[in-house]
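Both complexes shown next keep chain A, but they swap its partner, so chain B is in the first and chain C is in the second.
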Partner chain A sequence: MKILTVNFLTCAVKACKTSPLSFPLHFRDAELEQSDIGYNPSFLRNILPRVDWEALKVTATELGFTTVPSEKPNLDPAPSNTDLPAPETAMETSEPDVADEKVMRDLHTLLLETEVREGKMVCGNCGHEYKIKEGIANFLLPSHLGR
Partner chain B sequence: MSRPEDTLPPDLFYNDAESRKYTTSSRIQSIQVEMTHRALSLLGLTSPSLILDIGCGSGLSGEILSSVAPPLGGPHIWIGMDISASMLDIALQRDVEGDLLLADIGQGVPFRAGTFDAAISISAIQWLCNAESSDTSPQGRLARFFNGLYASLRRGGRAVCQFYPKNEMQKSMVSAAAIKAGFGAGLLEDGAGTKNVKVYLVLSVGGGAIEGVVEGMEGVDVEERMGRKGDGRKRGEEVGKKGRKQWILSKKEQMERKGKIVKRDSKFTGRKRRVQF
Partner chain C sequence: MLPTPSTSHVDPNRIYEPAEDSYLLLDTLSSTNETNFLKHHFGQSGTQSRNAPTPSPIVLEVGTGSGVILAFVTANAEAIFGRPDVLALGTDVNNFACQATKQTVLQTCEGFARDMPSGLRRSPSESTGLLLATLGADLASPIRGGMIDVLIFNPPYVPSAGVPDIKGNTLDSEPAPDDAKSRAESYERDSRLLALSYEGGVDGMEVINRLLEQLPQVLNRDKGVAYILLCQQNRPEETMQRIYNWVGDWYVEVVGRSGNVAGWEKLCIIRIWKG
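Showing the complex of A and B:
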């Protein structure tokens, strides 16, 4: 399971929906794996505004990453791909900002290529444990919690 | 031929043997691929997006999302939910790129508000119409699913759910549950009247812009309701066994009587549509 996914998952128990303690879920005994996914800067620009940076820092710390910046990086707005630029300007805009490029590569590695293979996630509100096996988190609730 | 939905709950029906049989059938593969492309075109995504694949199974639908080329707005990143561990196991063996959750969509959609740009579901949600046990009802499960889906999509987001309703009543029950959750909804039928009919429930989040949303999905019947739940409109009215066109018009009339704005009748209203490709 990607770190990106963890940044959007909440406890599935209905009573936890309104509790700020139910997000992010907290890791126990996590085993990580690095995977290889195509670098996709336009996806990153699209998703970054929705990433909860405070939650990402909590997750990163629990998983042993200490180099996440304290503030969410500010990326240039996504180049619009509906109105295609004229050839000359296309040359300019396709030249990536070097600092941005580095930030984007780091984000790509952390959010998309770092995966939790085994372990569990625990809700800070109700204590429910979601087991992760072979990268798949089990969100099936016992029927008394699932209604 | 009996419907699998009427024989067993989905996690038992899709056991190891059935999941393998399903995934390796070239006939099934090609049908699922074609329907996924159809659903994608109805989503109309123009840039790489975060997509929920509902009832993702072994990933036949999801892997199409990963393979959309940049000029066509991809590739997308997807997260799949499925109730069958055997199906997900095959997805692992096939090394799909999306993340997988073992989860029952009838229990909700466990993501924070506004997570996804879009959602897709191919041949799955009819399973919600068969409640597995005495403490759950199809209506309750449909409501938890659509409420959760609605919340998990960002404003302006769309969902396309291809499903196999058993009959007109199931079709209406599913559409009504989506509308009740707040979605603007339309039904599109490819090959209507044939035995290969494919039903797509096209859903949009966010009021007002339904005219814009419907652009590019000509032929979709618009059964829009404006505003979210709690806007005072009576919910859960009967959408029983009437003909589809009649139902759409009568819903419009109801809304007009209550002073809500509805999309004006278009020549597409209630018209069925054939396969485009």
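Showing the complex of A and C:
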């Protein structure tokens, strides 16, 4: 299960859906493994608009990743790019900032290359633990928590 | 025609194997009509600056079984959505299916990238979509609201006396000790797993109705799309009429049909979408 996944998940218990505490789920005892996915900046640029940044920061901190910037990288080109093409902005896009590249590569590693193999995810509202075994999280609820 | 993913690693004793319904979904999703619709709906708009990111579509298949459909859509993302950068998620109540789906998707995407003409060859992350996870889950129950752009469901649609219980079961795939009692238990479990993949309760609609209830919540509120397979006994016209009456701007249309009218399984695929 890739780390990015948890940004799209919430507690499976119906009553928790309306609680802000049910997102993001919190990793406990997570065993991570790295897979090798070719770095593809354009894919990453299209993924970032889908990411809830505050939740990602919580997840990253819990897993010990310290390089996530406090603000989501701004990938929208400045309006001047299309309205008034200025030579300076053209220079910027052809030679990307080295720091940005580093940020993007770290995000690539965290979001797309890091997998959770074993561990659990815990709901901050009801405390239910969802186990992860061999990379597959189990969201089936015991009968007393029902559908 | 796009190639069908290999599922030779799938154990037919405990996981639903690709069948007529699966192939109808593959044919429909790759039909000119649907690829044009999806490209228009999720494509990278030509009017925007090339630098502007356009959010990657998130595809969820509910009840993946062998994973043949999710693998097909993920590997062929560029042909179907006009863009390779699709994020794929799958759920199934059967842990064996979750494991099998992961393998099917990963090997199909790797094979797809490897088999491209050498001049076009790119890494899998540049030429196919990306599998985020397969999850053991009842329908879309752990998915955050509004996150899914495209939901695909080949449901248990066969009318039956009831729907097997999914509680406390299925995710425990530890091999049992090999004695007569545990062999009988694992046979019973496998039969139940297979029954879960096709027994749909009254009119075959019990599981489909539960998914339809979750749909407006789980789909992207502006442009979510769902593809659901139905059989004639599900009375698709009634289901479609109900969807027309949902609150909000929902549309529904039959976008695929099995040709075999004489067969007992007359199947159709409906597309539900937010206009």
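The rule is simple: the second predicted complex is superposed on the first by the 119 of 147 C-alpha atoms of A that agree within 3 Å, B and C clash if a C-alpha of one lies under 4 Å from a C-alpha of the other, contacts with A are read in each partner's own complex, and residues count from 1 in each chain.
The rule we apply is simple: a contact is a pair of C-beta atoms (placed from the backbone, for glycine too) under 8 Å apart; a residue touches a chain by one contact, two chains touch by 3 or more.
These figures come from a predicted structure and were not determined experimentally.
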Check your understanding: For the three-chain model obtained by superposing on chain A, do chain B and chain C clash or fit?
Key -> clash
Exercise for review: With the two complexes superposed on chain A, say which partner A:28 touches: chain B (first), chain C (second), both, or neither.
Suggested key: neither
Practice item. Based on the superposed arrangement, let me know which partner A:135 touches: chain B (first), chain C (second), both, or neither? Key: both
Review point. Can A:48 be said to touch chain B (first), chain C (second), both, or neither?
Key: second
Exercise for review: Quick one: classify A:37 as touching chain B (first), chain C (second), both or neither.
Suggested key: both
Practice item. Please work out whether A:75 is in contact with chain B alone, chain C alone, both, or neither, and reply first, second, both or neither. Key: second
Point to revise | chain B versus chain C as contact partner of A:105, first or second or both or neither | key: neither
Study note, to complete from the structure: chain A residues where the chain B and chain C footprints coincide 1-2, 4-5, 8-12, 23, 37-38, 40, 42-43, 46-47, 50, 81-82, 112, 134-141, 143, 147
Review point. Which of the residues in chain B come into contact with chain A in the complex?
Key: 46-50, 70, 73, 75-77, 79, 81, 83, 88, 92, 97, 99-104, 106-108, 110-112, 114-115, 117, 133, 135-136, 140, 154
Practice item. State the interface residues of chain C toward chain A in the complex, per the touch definition above. Key: 49, 51-56, 58, 84-85, 87, 89, 91, 93, 95, 98-99, 102, 122-126, 130-138, 141-145, 147, 166-171, 210, 217
Study note, to complete from the structure: The chain A residues in contact with chain B across the complex are 1-2, 4-5, 8-12, 14, 23, 37-38, 40, 42-43, 46-47, 50, 52, 78, 81-82, 112, 134-141, 143, 146-147
Check your understanding: What residues of chain A sit close enough to touch chain C in their complex?
Key -> 1-2, 4-5, 8-12, 17, 23, 37-40, 42-43, 45-50, 75-77, 81-82, 93, 112, 130, 133-143, 147
